[in-house]
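Next come the structures, one after another.
Shared between the two complexes below is chain A, which pairs with chain B and chain C, respectively.
Coming up: the complex of A and B.
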């Protein structure tokens, strides 16, 4: 009964993998604890909990220089300093001194109200001219310029100097938006930054750990000489592949729950789909990575090269498969690469299920590409491992 | 003192010789920054690109010249690509729900009449699971409306609407455009960090893997000389890496406004701190590949938390606290201030001193731990 033999051999291989893994405490710690922890905490700490919102500009020290000293400029100061986005706004009298102090990390932006601000503002109602204020920023802080500009624009674009209390810029107003007399009613759910990050972490943690466990594991066995012994045993290649796959699927399941647990408990992440769907998707990504791992190990790659390849695999996926930037934003060759990578479809499915709440089975294209690439990678790896097994054993 | 310097120089020479004899390690030392920067350039160019093809769908339910003009602005946009013009709002929303478009713009019936009266609206349905694309599309819809209104002021269509009352003029103090690159100094910092982690693996763990570390310790050379020799080798490699990176970044438009010497000093201090930390970790984790995986895993959070791509000031409170506790944040900050603002030692001295102190604390700890776990 060859099928039964393959099955029992696979179980034996998986059991052996578990035994070896259990004996290596640092591997257990890194694979199941540190990697999920590093990635989840860095996302959560950077973007904040899913349930909470924070203003990126609220606690940035800034200076307000009023060269106009009119009712309009005073009302603008009151509007900004009383808002939830400019908690650390202080006043300074001299524009040049304030600008000269930028870059020294005492404050990071200077808002200057030029002379004639009120006159232009009052005149703008009749002659369609626009008043201006000048924002000097410390652009040694990446992203600060665009963030402060955006927030300040939200406050001043509908500023009315003739009323004492300006309408507070609420989340609703920001969502609705307005250009002149045209209101933009924005539909579609905005997702907390952490929930978007959670889809990235779930995918990247699996790829990062699984590739090393499969490709690195086989390379180590080859370098230690145990691979040659495995090849000489009566077990066939398919048993080895299945056994290692079974072992790594268990680890991947544990990692999925670790990331989800950390995300939900620590950062109030809220997936918009069932745990089962997340697990299935996560394991499909793990299987794709395993297929790739077997393929790489069939090419007789050394352990150090595996680690370096892993680093570039993760970076490539960050760049091209929609993890960091949407693949819709890529153009030319980058767009072609993005559309050719099966991982792009897996990440897309991850977002559409976890964020939007689409049923997994409705994503037929994504699922087809994923399953086809898993089958393709496994078959190709099997053929290569079978063809080169003697070369790999020496 | 002289034997100490001599021994240190011997160890450093040995390290560099071993590296030159290992083609893979040598290639990686040189190729690593180039490949890494290649990836980042792709990411950066996607953000800075002046044209995209973000798929969008439009439903124009109005037949006024104003709605036709808005539709025209949307279809000729360089950022969004109107793939379909549909007849109903429901059809437009369905396209977005199916994932075939990032957003739908619905121009309602009566748009033109409302505009003439001074108040009207459009509906934008956006797929925020593609957050960046959705934000860009939202901005493009606003821009299209603004253009219609501005052109109308000078044309035949004179709408009773007023544009924003106050305009914000942004002037970054470096003199670079507000949309200029923001993360090149961060690249330099992260590559120096990765390189120094790689040096740790080469310096200790691979010696352990080969069994040469015990032999090295049994020589008359002191432990301090061994570690300072390895540090000296890292200093040489970091100078090479920094020079190479600056060359690549300059070809990509980076202008270093400050002292080049100070840039090299900062990268050296980042590398020394990273190596010191790596040596501490390597005293507990013996396998070179496990150590490399751990160090790479540690590097990824540094992208988001140590000021590489985003200022720590913009992070959530928890992230800000972590960033403040990471010495790399200070190194990256110093690099940005030297490169972008042209500031000198008085301005970044505190950051550099902190890196130096951290290295000086960690190095003896590494030596002590290595001796104990021999």
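Coming up: the complex of A and C.
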């Protein structure tokens, strides 16, 4: 039966890949240890990650204005002022004075607890309302707003005002306005230090490693003559694709857990979703990259060219796929590129699950684009590998 | 196609852009035949092998291998052929046994049969403990033998050996020639491509001489040699011949384009067509330039002589090879 033959051949190819991989210590070290370690540690060190002893917000002068004066708002004040991230947080009684101080550069941020804060928190048990606090920041200091917002969000998300008041604020909402000559920009929802790092690292580690393993691996097979040996056998080319895919999915799984382990243990990342969801998304990104890798290798690209292409791929994704800048913030041609790159949707899904905690299955658009692009890339690669079989074998 | 024909080609042609690598190749090879394809580098031998083993598609013409069309029934062809070529290698990071095991799965050989066949092949080539060595740790000779094992694993009816003795030591090359001869005696059809003239002369049933993508002549080694009956070969044992003396001898003999003069290890070898008095002329020329002469003999033309005569002389071959390199 052809289907059974394809299956058994795929298993044989995957086993062959494992055997070779196991023998090649440098490949094991680079693929499973160095790449995840390098990206995770460099990202963690670069961000001075949440939970580390270093805090980027600890020494920023900020003011806390409590207009609610309830147990919940007092507990929040105690939580923030007692933390290692808000050493210079002081209290002010008047909101307008505090905002004026922002304009005079006395403070760089004002946290305002509006009236009704506790009531809304209590009410959120039975309805979907969300308590709000307002954050004013000095927009003249680039980078400050996102740091303060990120750190504050981390605390607010984990804030439990009392045993009686069970629900915690699930999402920080900021307002936009112009007060006292200081422009307050709504930055959108921002997230704690290393969670956003996790989304970037998981994606980049998979793309970086998988692309080389697939495209580079096939180029090497072609250059060494083993590709010709394989296609001279009665094996269908789909078995080769499936076998290599199965092998790389296992490596990708190991890498996902390595990055997650490092991110959570070393840098106290706190994903707002289950490990299974992260794994599925990580493997979907790996599959998209594999499809791209097969496509590139079908074009008879040499090993050196694969390495160069890999850097271009990663740089392009950094620029246009929402890894560094939310794709919603891109405009013009950049937005068009971002919206036409299937990887953008994968990164978007990664953020929505890891950062906001959205259920994976609710992200229908992202999932549809990802699955469609995987199927498309694989079918296209298969057709190209068959079409260019002659060129690849010589 | 005769009843026992295993390979037939009809006007088989392969072009790469404007370059014609194989031009209207016609051939029939019978079961159990050891057929040698002889030609200089770039003559089109490897391209023919690659077309016949379905690695590349012909630009035009047709061919059947083991009764199957190479275009329409490529999968059936692949199941019945074995290929040993520098472009078709084994996995370097696997042992020979692991390589053979992988390919036995792909060829759907049941486990027990595969193990027995692997053992048989490893014993046949006296691999012993080397069977458990990684391919990258083997010498060129052992690697070639391992490649032959992989090519023979599924008991192919046609075996393509493309420049298989390149890089082998003389003993291994001779052993491989004998082994191949035995395979043919067992009914396997073998196409042996080489640019070493001595090999096909010794072992091949028939030889095809290829030049510039064309099959120039086809026949048994004896037939090819007789085809150049008009060629006279004289060998003179004349030590310490200087460059000037050699040039003078060449001028005195007034050799034409298809003639050849070679001086190596005190032996002066002169090939010329339609010259019955060549030995006498050589003796006179050598004496005229004051050379020492130990002996002068007239020889039968070798396959190399036939090859040179059939392909238009050494200069023509050199021109072709240089053009190919460019």
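Everything below uses one rule, namely that the second predicted complex is superposed on the first by the 255 of 394 C-alpha atoms of A that agree within 3 Å, B and C clash if a C-alpha of one lies under 4 Å from a C-alpha of the other, contacts with A are read in each partner's own complex, and residues count from 1 in each chain.
By definition in this document, a contact is a pair of C-beta atoms (placed from the backbone, for glycine too) under 8 Å apart; a residue touches a chain by one contact, two chains touch by 3 or more.
What you are looking at is a predicted structure, and each value in this text was computed from that prediction instead of being measured.
*Asks:* According to the contact criterion defined above, which of chain B and chain C contacts more residues of chain A?
*Replies:* B
*Asks:* With the two complexes superposed on chain A, say which partner A:224 touches: chain B (first), chain C (second), both, or neither.
*Replies:* Touch partner of A:224: chain C, not chain B.
*Asks:* Is A:244 touching anything from chain B or chain C once the two structures are fitted on A? First, second, both or neither.
*Replies:* After superposing on A, A:244 lies clear of both chain B and chain C.
*Asks:* Going by the contact rule set out at the top, does A:255 touch chain B (first), chain C (second), both, or neither?
*Replies:* neither
*Asks:* In the overlaid three-chain picture, which partner chain does A:75 touch, first (chain B) or second (chain C), both, or neither?
*Replies:* It touches nothing on chain B or chain C.
*Asks:* Per the contact definition in the header, classify A:235: touching chain B only (first), chain C only (second), both, or neither.
*Replies:* In the superposed model, A:235 contacts chain C only, not chain B.
*Asks:* Shared contact residues on chain A for chain B and chain C?
*Replies:* none
*Asks:* Mind pulling up the chain A residues that touch chain B in the complex?
*Replies:* Checking each residue of chain A against chain B gives 26-27, 30, 34-35, 38-39, 41-49, 54, 56-57, 59-60, 76, 99, 102-104, 108, 121, 124-125, 128, 130-147, 149, 152-153, 156-160, 177, 179-191, 196, 204, 208, 212, 216, 220, 302-308, 310-312, 314-316, 318-320, 322, 324-326, 328-331, 334-335, 348, 351-352, 355-356.
*Asks:* Can you list the residues on chain C that touch chain A in the complex?
*Replies:* Spelled out, the residues of chain C in touch with chain A are 50, 53-57, 75, 78-79, 81, 83, 85-94, 98, 102-103, 105-108, 134, 150.
*Asks:* Would you tell me which residues of chain A are touching chain C in their complex?
*Replies:* 5, 8-9, 12, 15-16, 19-20, 23-24, 224-226, 228-235, 390, 393-394
*Asks:* Chain A touches which residues of chain B in the complex?
*Replies:* Chain B residues touching chain A: 24-25, 28, 32, 35-36, 39-40, 42-43, 45-47, 49, 51-55, 93, 96, 99, 102-103, 115, 118-134, 136, 138, 141-142, 145-146, 149, 153, 159-174, 176, 178, 180, 182-183, 186, 284-285, 287-290, 292-294, 296-298, 300-301, 304-305, 307-311, 313-319, 321-322, 333, 336-337, 340-341, 343, 347.
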